[in-house]
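For reference, the structures are reproduced in the following blocks.
One chain, chain A, appears in both complexes that follow, with chain B as partner in the first and chain C in the second.
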Partner chain A sequence: MKTFKGLATLAAVFFAGSVYAAGPNAQMSQVLDGLKKEAGAASFSAEEGRKLYNAKRTHSQKKEERSCTTCHTSNPAASGKSTAGKVIEPLSPSANPQRFTDPKKVEKWFKRNCEWVYERECTPKEKGDFITYMMSLK
Partner chain B sequence: MKTEKIWDLPTRLFHWTFAASFMTAFAASTREWFLDYHVMAGALVLAGASFRFLWGFSGNRNARFSGFVRGWAEIKSFLTGFIRLNPAKYPGHNPAVGLAVIVMLALAAVLGATGVIVYSGEEMRGPLAGFFSFETAETAGLIHSVAAWSFLALAGVHIAAALLHDVIWKEGLIRSMLTGRKKVESMEDAAVAERPILKKTAFVLFAFVAASAAMLVATGQQASGHAGALVEGNGGFKPLEKNIAYEEECGSCHNAFSPTLLPARSWEKVMAGLAEHFGDDASLPDETSSEIRAWLLASSAERALSEPSKKILSSIGEGAPLRITETAYWKEKHVDIGEEVYSRKSVTSRTNCAACHPGSPWGSFEDRDISVPKV
Partner chain C sequence: MSFGKKTAGVLAITLTFGFLTALSASADDGKGKRLPSFTSAPSSALYKQECSSCHFLYQPWLLPERSWQAIMDESGKHFGENLGLDAETDKEIRAYLKANSSDKTAARWAQKITSSSEGMTPKKIMDVPWIKKEHREVGAGVFKRPSIGSPSNCGACHQKGAEGNFEEDFIKIPK
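Coming up: the complex of A and B.
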């Protein structure tokens, strides 16, 4: 009986693992759940995330048009380029499985890049939508 | 007048190899990335000079020092005759050339010795790698270049004089260094047949050829593999340690610059101003930023044992630049590189050091490691 329970748990873990492999990892789902609570939203919208990604805005001081696409290009599965000219690996997890696996890193770049483009931090709703959009890309 | 053989084969071979290897070494000193060739040619100059020194005691009459080294009086009277365009005739080297041979051999010895010191103290390579301090190496470098220019000047005078002898007095000097034969007054002046090459000297010759070949192979072998910068660590020097946080945080927008290329005061300024970092916000959580700061300060230019570090330090004086690319030393090293090169797809920016310096993560900007991408 004990062995059976053990095997069943193992199988369950494997099953859960294979489902999660396509979606966010455990840490990131926690992040998404946290963002949902903060935003008071029931779910996130990939479509809103897509809009955020492509939106253009003129910087109040620099007077230049800025967007997430400035560095990440209009195709999230393509390599982009930083302001210093370094190649940025694709943002979409479909092209770069490392993306959206490390909550600290994601938070750090949201803070930096939202400031750079929108001159403010992104709201929990915007972040959730953005991650959902990236995860939905095939 | 008879045409007789006056120069033995080893002397002639020496003459042209010595000339060719010096000119190669000189030409290869103009670009840092030719350094390996410079060193190989320099090794040949030194091997040639050592051989000639021994040959000066054991060669044939016209090759022996005793055959052409004269006192000041004779040199002076020869030169006076030369200036009056009526030089005394000598079957072998005239007294002025005799002096030039001695000076050139001495200069070659100085060049060899100072070269080894520069190679040891600045490049951390060669038989005495790292034995001499950077400061000693810099002084040696100065002597090295004064000696090289003197050698070049002397060679220039020598060539001009030889041309005069051939054009005006039709002595056939230059050809004699190729064929060994020259017009002489009497049979007595010809000296080659007099002393057949001894077994002993043949052995000396062979030993030198073998030794210089070994030296070439040795310098060639050193030319592979990365030699990274060494930084001061408890009581000695150790290879530059990597720092994961630095590579992760400071290597995402641009390549992770080598900490060995700016002084500690510059890194303090960079780390204090991350919120306003070249128009970007590069701020970090306190703990990460203090870890990176500590590592940068421990590996800064003052503490690094590498040629570019020392040269950057002396090129900025008291300043604390925020950019490596702003230092006079960096600019001077990259003056030949056009904007087109930086905009190539695999370079993208002048700050992408690693594109052309694959050794930069080890703090190595060695010339043999430089490869500028073609596209």
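Coming up: the complex of A and C.
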């Protein structure tokens, strides 16, 4: 039993590592496929994702400039800071392998943060481009 | 003088007794044992994930139950932001906050928070009169330092604040 547990852990570690090196994990691949269907797009663009990440917008009520970079900084591999002063771990999976591995979490933060920056939900195309950009960073 | 020795003695005893009663009513556990100044609420992975991704991990006993209820009722515009909590998450976080709010916590600071905010529903911890009073010597400019940001960032100065330990020994005000 112990040996089995050990082997399973080893396998899990190896699997997680190999999945990361290969790009999105199985769950996230499914998410991306779903987004592609919804968007009616053949593929996503890392370049469009990069633009989305860096775009600046003035909030209609707060009258302040907002962007993904406000909290995550212009370097997705760096730590950021929330508006309430809390450190945010890097967004880029290259610096933080936990990122973009849990579909529920990804969807939740798109919802929160698209609304914060753009005052609307992001489109399936935007989400796909964004994830593709983050996954492309080395 | 009509105010005799006997009267004074009775008065002193009455006052002392009254004072002790008042003290014990607010600071013991009902069995005569003095309460600790603070406590660490049982940790909740969900509360931590949902709430302290963005801000300091506030101990639930920093506010009375009705305050948390008001805050959760407004989670669609939480200090200007929509938290987008799903029904299940909302329910679980409410239950956690309720069970560990100041009114439910047997610690002296929690009791001070409860009694000092009687008749009001503070939606910011710094709006609790006793907490505000405790910070009276900290200038507004200090809170605005880039290393602190705002009075909501307890952890900037209270090094063990996330555990509920706001003792003076663990305060370090950054430059």
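For this structure, a couple of remarks:
Everything below uses one rule, namely that the second predicted complex is superposed on the first by the 117 of 138 C-alpha atoms of A that agree within 3 Å, B and C clash if a C-alpha of one lies under 4 Å from a C-alpha of the other, contacts with A are read in each partner's own complex, and residues count from 1 in each chain.
Simple rule for what comes next: a residue touches a chain if its C-beta (ideal position, glycine included) is under 8 Å from a C-beta of that chain, and two chains touch if they have at least 3 such contacts.
Given the structure is predicted, the values throughout are model-derived calculations rather than measurements.
When the shared chain is aligned, chain B and chain C each come close enough to touch A:Lys86. Shared-chain residue A:Glu115: touches chain B and chain C both. Looking at the shared chain after the overlay, A:Thr58 reaches neither chain B nor chain C.
62, 82-86, 112, 115-116 are the residues of chain A that lie in the contact sets of both chain B and chain C, per the superposition on chain A.
Contact residues on chain B toward chain A in their complex (touch as defined above): 252-255, 278-283, 348-349, 351-352.
Interface of chain A with chain B (complex): residues 62, 81-87, 112, 115-116.
By the touch criterion given at the top, residues 62, 82-86, 88, 108, 111-112, 115-116 of chain A touch chain C in their complex. Residue ranges on chain C touching chain A, taken from their complex, read 52-56, 80-84, 148-150, 152-153, 156.
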